[in-house]
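For clarity, chains are labelled A, B and C in written order, and residue numbers in each chain start from 1.
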Amino acid sequence: MSEVKKNENTTAPKVDTRKTEINKFTLLFNKLGIWIIVVLLIVVGLIVSGGQFFGKSNIQSILEAVALVGMVCAGLFYVTYSGNMTDMSVPITMAFGGVMAVQCINFGFVGAIVVGLLAGALIGVINGFMIGKMRANAIIWTLAVNLLISGVIRVVWQGKMLYAEDIAREDMQDSANLFYSISRTYIGGVISLMAIVMLVMFFISWIIHTKTGFGQKLKIIGTNYEVAKFSGINCTRQLMIAYVINGLCSATAGIFYAALRKCASYENGTGYDFDALTAILLGGVSLNGGKGSIAGTIGGVLAYGMLNNILSWVGLGTYSKYLVQGIVFLFIVWLNTYSNRKLGKA
Amino acid sequence: MMKKSLAILLSGTMLLSAAFMTGCGGGSSSEAPKSSAASEASTPASSAAPEASEAGSEAPASSAAPEASEAGSAAPAGDVNVPEAAKASYEKLLAAEESLMTTDNHPMMAEGLSFDVPAVDGDAAAMEELPETDKNHWHYKEYLDWDQSADAQFPESPADGQEGKKVILIVHGAHAWTTCYTEAFKAACDAVGMTYDIYDPNWDQANQDSYVDQAINERPDAIVVIPVSADHATQQFKKITDAGIPAFCSNTTPEADAMNFIISYTGPNDWYQMRTLAAMLGESMEGKGGVAYITHNVGGSPYYARCYGPMTELAEKYPDIETLDIQSPGFEASEVKQVVADWITKFGDKLNAIVLADDSDQAIGAVEACQAAERTDIKIVAAGISKQGLELVKSGDLFGMSYQTCQGDAGLAVRTVSEWFCGIDVARVNYLSTDIATKDNASSFEPCQW
Amino acid sequence: MEKKNFKLNAAFINRNRSYLLLVLIMICGLFAKNFYTPYNIQAVTGNGSLVIWLGLGFTIVLIAGHMDMTVMYMSTFAALLTLGLHADQKLPWLLCVIIGALMGVLNGLIMGLLVTKLKIHAFIASIGMQLVLRGVMYVYCNGKELSIGKDYTWNDMLNGKLIPFLPLSTYFIITTIFIFGVMVILRYTRLGRNIHMVGGNAETAWLAGIKSDMVVIAAFVISGLAAGLGGALNGIYSGAANVTMGEKGISPFYMAFTACVIGGTDIYGGKGSVIWTYVSLIMIAFLKALCKSTELQVLVIGAALVLCLVYETVAKYNRDKVLGRRPNLYIEYKNETGNAK
């Protein structure tokens, strides 16, 4: 009935004026994403530094600067990918991992590392349970965890800084020294162990993401939680795994950080949440979940490090850098959202 | 059901924790006079020390104390006039001064020093017109050169000795240094018979403000503050003095104007030390080359002292030495490492020396960047005396660093407060003794205080 | 007026938890030494005021369904601007404060535009704006601290008592008046109801003919105004401002956020009240005065936050179960209660 009436009322046939063709640029940007920017940054870097950009020491400096952020990103990727935005408890996971590792240095070097990693996994499990099972708001919950664990560490260790050589017994001094040395080892005298660990972690992460069922399931969960639920995926378990991986990666970064700083305290890792998120978003991982790749994330991490490097080549002070970083960040996020919307992907 | 039980659980936990906290709040003050290991030293308060030796120990190297005399307070020359009521307390103080030692075997409660304040014409605004490399540009930051005619009405000293008096110490934040400082403060307080309460605002300015208010609310006999920021200090000390409580400032220098509300400042002479260090550095560089600076937290007094102190000194004595860059990457070893690595790539051979504001995290980052780039020829100097720093000095990675006794700092603060309680005129500015730690004399500063 | 049924049950406790907690803290205060002195009350409320301004801004944006993490930097910037203008340009205090507040409005406007027009998620946009604001602040003051200098007129005024017998500082009273003003706007005006509606369900609100973009921008602008004005006044109240304010310790942002959650503002938007936040923040201020050590403060505030969140989450989980919004959970529920076939 109503349809007939409608046809009577309209005098001219309706033309669909919505755009169907896709802008070449948005498509290109969406496909290649961050690597365009990486190439762009390399060119800018070569110009600014007068060709020294590919010098041995500069490459080393970039790689080392991004190593810790990269380690965090390798795990944080899964959280963002599963549609839970970001994990604001990254700083405290790093601090907790470092503190526990240093505190347990008497179990030997391997024991300390294992305890540190377990501490990270513990926070991952807590987050995974509340967010995966109970569907708590991811950002709010992780913010709260950050505050709570920070309080716990502060009260238990009274805001002190922990030094491994103070805690280690006489016969354990060797493991304390070994612990410190992990952030200072250079494989073949060129590439630091931290950078290698970062790359290995990215490689493992890439395998998990592309070659296992977990990665595939997580994509569905990230894209549409309800759909995933009804296709028989155990969402709780997948999210739990995602958060545990994230906790492990953050704790690894935290242990390296504590070793680098030669001491562990509650304030280790401050600011790494935003740094890692910036890198991940630069890498084209969608905040809505279900979109992004490890390759993109590596690109994001590199771009982040190179941007910092170039800014210091230009001679900007630490604080003017914030301004440039902020604007670049907003611009790239906008570009990402924009190209996604144009392609109808978000 | 679950909802209800959860709510009950929630409120129950709240109640418990609140009750627990209240207990803590009330209990902390009664806990205070707990005898610590160091307080053993306080027991021999014998009257054996004769009056003459008191005078001897009281007339120290600071024979030239121009500030003290300017302030209108008679410098303690010869006999010290201690009121009758404070005699016993004063002897206890002297005993503590003799017995308390820092962990690296220096006297903990040594007499403070004074330095001459050079005259400049013009106020702070006029000085800011000068170039940054001119010493006088920083005059009002370096010297506590305040207008004494604007001094507030200070509370009168009770002049009945420090025993049994309550002091509240508000530090700036948790750090290994702070822990060392507070331990020493407690030990010194126990030795001279004062009770204490220590508030720790965790580097937060707003937090420190509220702690100042709380401290005033407790109505102690004196308040010692290590200000987080120099500018806020004026307001904080104004509040304390307005409330009729004697205010003392320790360690970090406040704005010169804040001195109008402070009975006495005690702490290291950062500027002087950094100048000495810079002179040493300039000599070893043979007056040429390039220096880069990594600063302390921007805005605090160490920021100016540890960056512009050496810069002005080098500019004056060795004009050929070039300032390459100033960066404030904070206190993260990795950030500092990156900044230094970038410098090495950018400046290459032009970079010959680095001045650091901190000898622990910053030093580790800088030393490692230099080692990674195989540029061990770069001379690095730093401020402070931490365990990590001293190890780097011993291994030769750090060229030198300034020695700032942390426990001595606390000791000097307690000493000054006690003297004020005893009715002695205290100098308005008391500096710690200064020293530079290099590879040669590093062993005399061991074991490290923190 | 119709008299409401009063029942002391879990729902009642939950609804009024901010008030009950405040009462609890006040009762605990009876056992603490020197707690109920006029000086303490004046100091605690005065020092807690900055966070109330931030909490106000944060709550409004949260009600509108977004998260604004820039409030802290916004207020610091306003404080720096106010003090800087007074010191360098010798402007009168009133003008400085107005300019500081306007800067907050401008920032709120930018945030609103980023969120509505460029469609960047508010949380991400605020991270970017944080960086930008930090950069701008450093460029503005070169990392220096700015202080009121020797001009104590407004400082004394804000620190002093407005009403002689009431131990409350003028700053706190201004804060309270502003809070009630915003409450009236939120509760009784069209704009206020629209903010609630957009927060509850943006799509429905849009279908109902609300210009949701304008409403969200308005929410951000009010938030910016509150942060700016509060920051500017706080700069004068505390006598100085520096760039790193709140980066150490418990940041004011964390406290504002905690208070929102404890107060009962829905983290998904649409429900909440600035009064709840206000009461919770006063509660937190007294709590801080009650437990002396910073470590304990962080732990207690963190524990309170986590407990409230756990409660909310579990309640929502159970509600979803019962309402059958998630059918699989509904089956579980049926199984539990034994009604399943």
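The definition used in the following text is that a contact is a pair of C-beta atoms (placed from the backbone, for glycine too) under 8 Å apart; a residue touches a chain by one contact, two chains touch by 3 or more.
As the structure is a prediction and not an experimental result, all values here were calculated from the model.
Student: Starting from the Cα centroid of chain C, hunt down the chain whose centroid lies farthest away.
Tutor: The chain farthest from chain C, judged by C-alpha centres, is B.
Student: Comparing A-C against A-B, which pair counts more contacting C-beta pairs?
Tutor: A-C
Student: When the C-alpha atoms of chain B and chain C are each averaged to a single point, how far apart are the two points in Å?
Tutor: 36
Student: Whole-Å distance, chain A centre to chain B centre, using C-alpha means?
Tutor: Taking the average C-alpha coordinate of chain A and of chain B, the gap between them is 39 Å.
Student: Could you tell me the distance, in whole angstrom, between the mean C-alpha positions of chain A and chain C?
Tutor: Spacing between the chain centres: roughly 29 Å.
Student: Could you pull out the residues of chain A that touch at least 2 other chains?
Tutor: Each of 154, 158-159, 317, 319 in chain A touches at least two other chains.
Student: Considering chain C alone, which of its residues make contact with at least two other chains?
Tutor: Answer for chain C, listing residues that touch two or more other chains: 138, 143, 243, 248, 250, 294-296, 300, 303, 310, 314.
Student: Which chain B residues sit where two or more other chains touch them?
Tutor: Residues 174, 200, 202, 298, 328 of chain B each touch two or more of the other chains.
Student: Quick one: which bits of chain C touch chain B in the complex? Just the residue numbers, please.
Tutor: 9-11, 13-14, 17, 20-21, 24-25, 28-29, 31-34, 37, 39-40, 43-44, 46-47, 50, 138, 143-148, 150, 155, 238-240, 242-246, 248-250, 252, 287-296, 300, 303-304, 307-308, 310-311, 314-315, 318
Student: What residues of chain A sit close enough to touch chain B in their complex?
Tutor: Touch list, chain A to chain B: 49, 52, 55, 57-58, 60-61, 64-65, 68, 154, 158-161, 163, 184, 186, 192, 257, 260-263, 265, 308-309, 312-313, 315, 317-319.
Student: Quick check on the complex: what are the chain C residues that touch chain A?
Tutor: 67, 114, 118-121, 123-125, 127-136, 138-139, 143, 243, 248, 250, 254, 257-258, 261, 267-268, 294-296, 298-303, 305-306, 309-310, 313-314, 316-317, 320, 326, 328
Student: Name, in rising order, each residue of chain A that touches chain C in their complex.
Tutor: 85, 130, 134-137, 139-141, 143-145, 147-152, 154-155, 158-159, 229, 267, 274, 277-278, 281, 287, 317, 319-327, 329-330, 333-334, 337-338, 341
Student: Going by the contact rule set out above, which residues of chain B touch chain C in the complex?
Tutor: 2-4, 6-8, 10-11, 13-15, 17-19, 21-22, 24-26, 28-29, 173-174, 199-207, 209-210, 213-214, 216-219, 229-232, 234-235, 243, 255, 257, 297-299, 303, 328
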